[in-house]
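As written, the chain order gives the labels A, B and C, with residue 1 at the start of each chain.
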Amino acid sequence: MDGLALTLTVLDYAAVAVFGASGALAAARRKHDIITFGFFAAVTGVGGGTLRDLLIDAPVFWVLRPEYLVVCLAAATAIWVFGWGRGRERLLLWLDALGLAAYAVVGALKAISLGVAPLAAVVMGVLTATFGGVLRDVLAHEPSVLLKRELYVTPALLGATLFVAVRAVGQPELAVALGFLAAFGVRAGAILFGWRMPGFPGRAPPD
Amino acid sequence: MDGLALTLTVLDYAAVAVFGASGALAAARRKHDIITFGFFAAVTGVGGGTLRDLLIDAPVFWVLRPEYLVVCLAAATAIWVFGWGRGRERLLLWLDALGLAAYAVVGALKAISLGVAPLAAVVMGVLTATFGGVLRDVLAHEPSVLLKRELYVTPALLGATLFVAVRAVGQPELAVALGFLAAFGVRAGAILFGWRMPGFPGRAPPD
Amino acid sequence: MDGLALTLTVLDYAAVAVFGASGALAAARRKHDIITFGFFAAVTGVGGGTLRDLLIDAPVFWVLRPEYLVVCLAAATAIWVFGWGRGRERLLLWLDALGLAAYAVVGALKAISLGVAPLAAVVMGVLTATFGGVLRDVLAHEPSVLLKRELYVTPALLGATLFVAVRAVGQPELAVALGFLAAFGVRAGAILFGWRMPGFPGRAPPD
């Protein structure tokens, strides 16, 4: 395995672990039992990649390699054992930003490798990065992360787009690096400085 | 491409555009940014057909032809630029009725063409026509269109059933026309005259 | 068809009918029309097995055999006609426990038969048993069954795990019996005695 492949594999498992932990936190918020911790960790950790694999008709990654599920369960156990605290929440927010950036690139890369067209590959990057969190929120009956004004889809979209564009001009390593850094950078800006995009300026329709 | 195929293609793109616009309106209601407009437009525009393709094990249509995504993004941009108004809401309601009728027929037709049994093909028509809107509502954390007493699933079911039945007796063009008109007609009756089906007459279970 | 296969087929249809009925009850709660009864019955009845089939890349069972849909529609009609009552709710609760236990085993069995790894097969059992109810609650805009503290995922997990473990040591009939009884027994304990798992003992993160 060369350096790029190794980097991608590490990023992939790290993203599953981080998203798994954020799923377990949703269960912790409701003081739920360890089984529900595991369920939410698994759904959040592998949900985005599962949707990507179904859409591009690839075998679902964790069905082939159940060790991804073990990673989710380990993340759930870690949250259960070490609990939650102000510092940990902060840590998780940053780990989540890393996971988001990693998944935006990994998702688009897998799609491109299987011959998916560039625009659809960008969408796969975005879905891989965001859909696990969306599933977590829907199952927890909370307004989804999509509805927050915080930048979340935007960094994923930027990272996946940059990756696909730079890769198209024949620079795969650079594409991974730029895509990852752009997504992480914009997400970091959103966390640190409250960056957001301008909202719809028009008259809003009533509910 | 003969007349029938051309008609179906036009209906197909038109339905994606219309549902895409209704997704963007959900983002507009929350004064969200342009990226979220695009996300909701895409999910609503292609969600129903995506579920159909996954269920009948066909390649997902917009992964093969990303121009469907472009149509969704154009619809999102149009809502962003031209905004919302009383007249436009009315227009969209009618366009949505056209999209519903088109998708009920197109969804069932694709399933039948791939050898799916008649009853399952009817279900594909209904899911193609309604699931994009359901996804939009679930992601927007709103009660889904399924829960309104307004006729929405019913016209799709009627159109898809008529299409499958008339096609079974060897009249494909007539089947498209009747299925489309029946679905559109019943939906129009619901919009104009508040048609609805009788509700459950029995004692309701408590929550 | 030998005794085991016959038992499994009966359990399979019975589970679809029972979950279908619980979907129709969600429509009854809102005094909805017969079409919505059928829609919720179908989504709840076949939702779990559909997700399983998509994940393990098997043809979706009810697309191949639409008689499963007929079973759902029959269940919806039965709820419509016979209505709801204190005794019936109790009956349904127990039928649901039977369905949960049946699906945990049937779901894991189908996955194992298609060569899925043990850990992933356990997950398929759990998803088959629980996802129909989750979909029902999400579409009905209610907090999902996952969020109740009642044991629901736990019996499915126990049953699927026992089934996979006992089958691995070469006892397929015993595996079905033990898996089913363990899942049903724990669910029965939850219903009768309010059994639950200990909740997260740590400090809960704020919303």
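The rule we apply is simple: a contact is a pair of C-beta atoms (placed from the backbone, for glycine too) under 8 Å apart; a residue touches a chain by one contact, two chains touch by 3 or more.
Quick caveat, the model's predicted, so the values are computed rather than measured.
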Among line, ring, star, complete and other, the chain touch graph is complete
Just send me the rotation angle from a CA overlay of subunit A on subunit B, rounded to the nearest 5 degrees. 120
Can you compute the centre-to-centre distance for subunit A and subunit C, using the mean CA position of each chain? Integer Å is fine. 29
Check each residue of subunit B and list the ones that touch at least two other chains. 54, 138, 142
The residues of subunit A that touch subunit C in their complex are 25, 27-37, 39-40, 42, 50, 54, 59-60, 62-64, 66, 69-70, 80, 83-85, 89, 138-142
Can you list the subunit C residues touching subunit A in their complex? 54-57, 116-120, 123, 126, 134, 138, 142-144, 146-147, 149, 153-154, 157, 196-200, 202-207
